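In order of appearance the chains are A, B, C, D, E and F, and numbering begins at 1 in each one.
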Amino acid sequence: MTRIDGRKFNELRKIEIVTDFVKFPEGSVLISCGNTKVLCCASVEYFAPKHVEEGTGWVTAEYSMLPRANRERSRRDISKLKLSGRSAEIQRLIGRSLRAAVDLSLLPGLTITVDCDVLQGDGGTRTASITGGFVALALACKKLVDEGVLIRNPVKHYVAAISAGIVDEQPMLDLCYEEDSSAQVDLNCVMDDDDCLIEIQGTGEGRAFTLKEQQELVELCRKGIRELMAMQRAILEG
Amino acid sequence: MTRIDGRKFNELRKIEIVTDFVKFPEGSVLISCGNTKVLCCASVEYFAPKHVEEGTGWVTAEYSMLPRANRERSRRDISKLKLSGRSAEIQRLIGRSLRAAVDLSLLPGLTITVDCDVLQGDGGTRTASITGGFVALALACKKLVDEGVLIRNPVKHYVAAISAGIVDEQPMLDLCYEEDSSAQVDLNCVMDDDDCLIEIQGTGEGRAFTLKEQQELVELCRKGIRELMAMQRAILEG
Amino acid sequence: MTRIDGRKFNELRKIEIVTDFVKFPEGSVLISCGNTKVLCCASVEYFAPKHVEEGTGWVTAEYSMLPRANRERSRRDISKLKLSGRSAEIQRLIGRSLRAAVDLSLLPGLTITVDCDVLQGDGGTRTASITGGFVALALACKKLVDEGVLIRNPVKHYVAAISAGIVDEQPMLDLCYEEDSSAQVDLNCVMDDDDCLIEIQGTGEGRAFTLKEQQELVELCRKGIRELMAMQRAILEG
Amino acid sequence: MTRIDGRKFNELRKIEIVTDFVKFPEGSVLISCGNTKVLCCASVEYFAPKHVEEGTGWVTAEYSMLPRANRERSRRDISKLKLSGRSAEIQRLIGRSLRAAVDLSLLPGLTITVDCDVLQGDGGTRTASITGGFVALALACKKLVDEGVLIRNPVKHYVAAISAGIVDEQPMLDLCYEEDSSAQVDLNCVMDDDDCLIEIQGTGEGRAFTLKEQQELVELCRKGIRELMAMQRAILEG
Amino acid sequence: MTRIDGRKFNELRKIEIVTDFVKFPEGSVLISCGNTKVLCCASVEYFAPKHVEEGTGWVTAEYSMLPRANRERSRRDISKLKLSGRSAEIQRLIGRSLRAAVDLSLLPGLTITVDCDVLQGDGGTRTASITGGFVALALACKKLVDEGVLIRNPVKHYVAAISAGIVDEQPMLDLCYEEDSSAQVDLNCVMDDDDCLIEIQGTGEGRAFTLKEQQELVELCRKGIRELMAMQRAILEG
Amino acid sequence: MTRIDGRKFNELRKIEIVTDFVKFPEGSVLISCGNTKVLCCASVEYFAPKHVEEGTGWVTAEYSMLPRANRERSRRDISKLKLSGRSAEIQRLIGRSLRAAVDLSLLPGLTITVDCDVLQGDGGTRTASITGGFVALALACKKLVDEGVLIRNPVKHYVAAISAGIVDEQPMLDLCYEEDSSAQVDLNCVMDDDDCLIEIQGTGEGRAFTLKEQQELVELCRKGIRELMAMQRAILEG
């Protein structure tokens, strides 16, 4: 089997992570996964939200697509006065995933917001946002330590994410838009550097899927995430 | 191990499904899962949304909690002018799950909206909405066939959902609110009557989880869903 | 003259008031007036709004219909980003009516919000909300006294409400939906246990009405309200 | 008893109705009732709303206060993104009242919107809006007849409105702001030229009120409305 | 060349500035410029916004058109839930212009909001709002001094505004609606009593314009503004 | 005098215009002016808005800043449910400027929307949006001609924009953020390739400015715009 873009079934698209594409955020990366491009900016603010326990901090995320990130222009949320349900769902997922990377008790009185703005969308924008958003978050944390704001680095785990799916009855890793559009099953995994799951979300689009298929897709994701983490590590520790 | 409410680790809460609690919707049920109560109403409208292929129909869902469904009163969405992100996420899940139950090409020019309004929330409201919402949807479809609007019943699969989680390192089925609040891992499955997954969503709340744990939780859900489907079947075919 | 449902011109529909249908609110009732069903939940919160005099409290109400409470499904307010004008008008009426029942100076620093959610609407939802809402409010006040939060019960009057109207030139009590739809005149009274008016709202829908007709309708309401108060009393003092 | 502004208990404030204060609307008046000033503009548009029966038309109203119409500045609705509940209630009342003045079947395919914008508020703005709004509506209808758009004038009744209330246990007509602020009972009547009620709305603010008191207040309103109609007639037929 | 309304190319429309048209604001004027009528109300509030330096105050403006201020009725902003872009732009301009008139350090802890509500629009509403708004602001400041709230009057400059434009290749001052509709170039100037510019905004509507044309239009505006300031002075110092 | 970044008073910042940074829009550029970076995307849609004359088309623009485009993070418009007044003003300016570049009668039945999203803001974002937006628009038009959708290219003029200001009494071209923050006068010009003005907007921030100063600033802008147009030309015709 050959995929539409010539990849093997278990092969990631070309990943590129550019740091400091913009200069104001405490941490920022422009991540490209094939033609998907997401600008991830981590901003530190010196307050913690009300719902957070005294003496700890918070990490949250926002997700949005530029109007012409896609094949067709879509209206901005503000012109409809509604955050799209899809964006609401995705930014909650990113926030939960990134909180799993840090020890919030080491961020006392701070909020870090990771803005993920999709400049170009070609499938896999939510997982790219998590993978890139983690690097932006880690850069911001490093900066806080370097500047003496924090004594210990709150990052306790690497976190990365990828999708896998079944297209034409064939499991494959990291679906691009065209594969995603015709996928029968679509599954995203967020994992840490212990090979453990933080989030799993799977959807039967064209048909339901067996428990065995589900396991195969998780295994594919596990492979991809290991590769993504190697790239994250090269940037952050390189 | 004994659970807070005396159940065994793989035991569902008491489930009750009352049909025709309200009389105007084409299909309606009041489903109780322990103390969780959700009113599920399926409404038939004679148009199909624009994005739907000519000659087919649509099934969608809306989810909301009454202000005092919970331990504390929460403000209505309308007073904040924002649909809560959590509701947006849940109603998208319910909609996808229920669409997997029907053959949309057998609903030409129709939209069925399943409104899931939580009257009392004690954990598991999204899975109760799917399990109860399926019955409401099936009742509405049956009515359309009985009235001659549809020739063939578009329901092709039973669909039900349940959660499982890890609490105090112990996997257990169908978490109630108190268990859910302290769960380390929380995982929801939506399955059909072929024992296949339609949706799976798992989250590590307190910690990440291994692939093996994930499988155990899915197995627990599978057991619960079989029991739920027996109840659905008793009502619809009884 | 016989009415559509066989009642006499001055006869109420069958009234049922179920307490504790849901368990979290400090006071709650499910009131049925014929086919109209309203869930009334009184929630106590430990703050008073800014506009309230120091040392006193507040009672307020919110009113909403579930999307399929009626013969046709209506869109949720949140999807239109607007509270319906009708709901705004009705919840202001309920709030004023229930405040007349209590001595606000005996609720220092507290707010009680009575949520009236119509599960099924068949005419008379606003008056059912007041009649049922009063019972929920009184139950909440009783609880506050029982728990020692309040020393004296702030309820100073029973409050109930009913409609009367002119249909086919015939005055009648407690219009159901079908009567309401073709009513020439529609009038609601809210009264206390001294036979005094708290609110009166009358509308000529098909034609204007004489002062004499207005008095007849008020008298019909007075009769109905006495009967409703007997039921309220049976529940609260029974 | 002398009133704060020297009036007798059954005396209206000074009423002034200036036509053509603005020149674009098909009908417009600036009505002053004491210090209350409302600009009422009737606009004709060549469409009928969907809910209206084929071949007929519609009359509707909108009500708003300028930010500094009152003793203190209030924020505009748009800055809160919410139509105030009070405005929603009042504009529904004005709309119902003005529709009672016309035969909608004589306005085929037309909508007349009467905008009532309070420039200065000193009590009685809703009744001034109805009394002034009727004149604006009648002027617009006359213009439509004069221009040959309509063959018959759709106005079938004069309509005017006034308030009465109980202040310090004394019933009085046409409350100004200071009286209104301390009123025990406040009641508005909308009547036609047959001495019949179109709308009645009474509220016990400080206390409930007897049926007899209610009658007295209605009688006071009847007297005031007759005087208002004489002024309307002088302008429209003068 | 004769203009549509008989004016000379460098002639203002008839200007009328009526003070105290409404009585609650600390300063108010109804300004008419030909058929354009704007009610300008300056309201003093005893707080300063957060972004303002400690010990100083703020002046801001809001601008709105009544629905039937124009030839056709327009929907209210609140019914669209959006402040019109045009209003947003204009109220920012008015605010900047009026702040240039005062020394904010002499308004410690105060906010003055100038509401400009267009009752009738016939071209030049933004410049009329500035010219009239300045008088309302100056009246409010005078009142604060007279009442001893302020020791020194914070007004340091007179401020007025006017438009000029090119219509049929002819530069002219103070365009009325009909001229404005067919103008090739439209330019507004806000100036102070030193003959200096505070704001300049010019737009080529039908065609671009040379630097020389731009200067001619500014000169026309300068002439008109001198005349407007003479009127302002007569009212404020007369 | 030396400027903060070493430029001469009449020197532009380093300008870079990258085409095809994203691939879906019909035309797109990433323009950098010093540290200011704006992504400009022109999208073609096959409809014309209602207000447009039959047989012609429309060009419009939207402007937004990413949350962390600036030194401090700002909340997204959607979380406030309001388009910022500043964005509303700027996008209207961009739209008017770009419409001056094209003959709308040569875009029959088409709308081109130019989205200007500021990735990094360091002063001059609105003028960068116009200069870059023009290139995106021209690329889109060229594509429409190349694909045979349009027979003649509707672009009739080059359009570019720049700011000039007075800082410490010194006129200078193309203010960066630090200069802009302390500018006494700020003036933007939009010009075409005939050396004519399309838009001019000048504001006295710290003080008013003379007509002579205004001329000087316009001259500075003219010089800058000629240089910008040379760059535009090199890209579009190179």
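What we mean here is this: a contact is a pair of C-beta atoms (placed from the backbone, for glycine too) under 8 Å apart; a residue touches a chain by one contact, two chains touch by 3 or more.
Fair warning: this is a prediction, and the values are worked out from it, not measured in the lab.
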{"item": "Smallest number of contact steps required from subunit C to reach subunit E", "value": "2"}
{"item": "Steps needed, at minimum, to go from subunit B to subunit D via contacts", "value": "2"}
{"item": "Between subunit D and subunit C, distance of the C-alpha-averaged centres to the nearest whole Å", "value": "27"}
{"item": "Whole-Å separation of chain centres (CA-atom averages), subunit A against subunit C", "value": "50"}
{"item": "Interchain centroid distance [CA atoms averaged], subunit C/subunit F, Å", "value": "59"}
{"item": "Subunit B, residues touching no fewer than two other chains", "value": "81-83"}
{"item": "Graph class of chain-chain contacts, one of line, ring, star, complete, other", "value": "ring"}
{"item": "Order in which chains appear around the ring, subunit D first, subunit E after it", "value": "D, E, F, A, B, C"}
{"item": "Subunit C residues touching subunit D - in the complex, by the definition given at the top", "value": "81-83, 85-86, 88-89, 91-92, 96, 100, 157, 187, 191-192, 194-204, 207-211, 214-215, 218, 222"}
{"item": "Subunit C - residues contacting subunit B, complex", "value": "21-25, 28, 35, 37, 39, 41, 43, 45, 62, 64, 66-71, 73, 76-79, 81-83, 113, 115, 117, 119-120"}
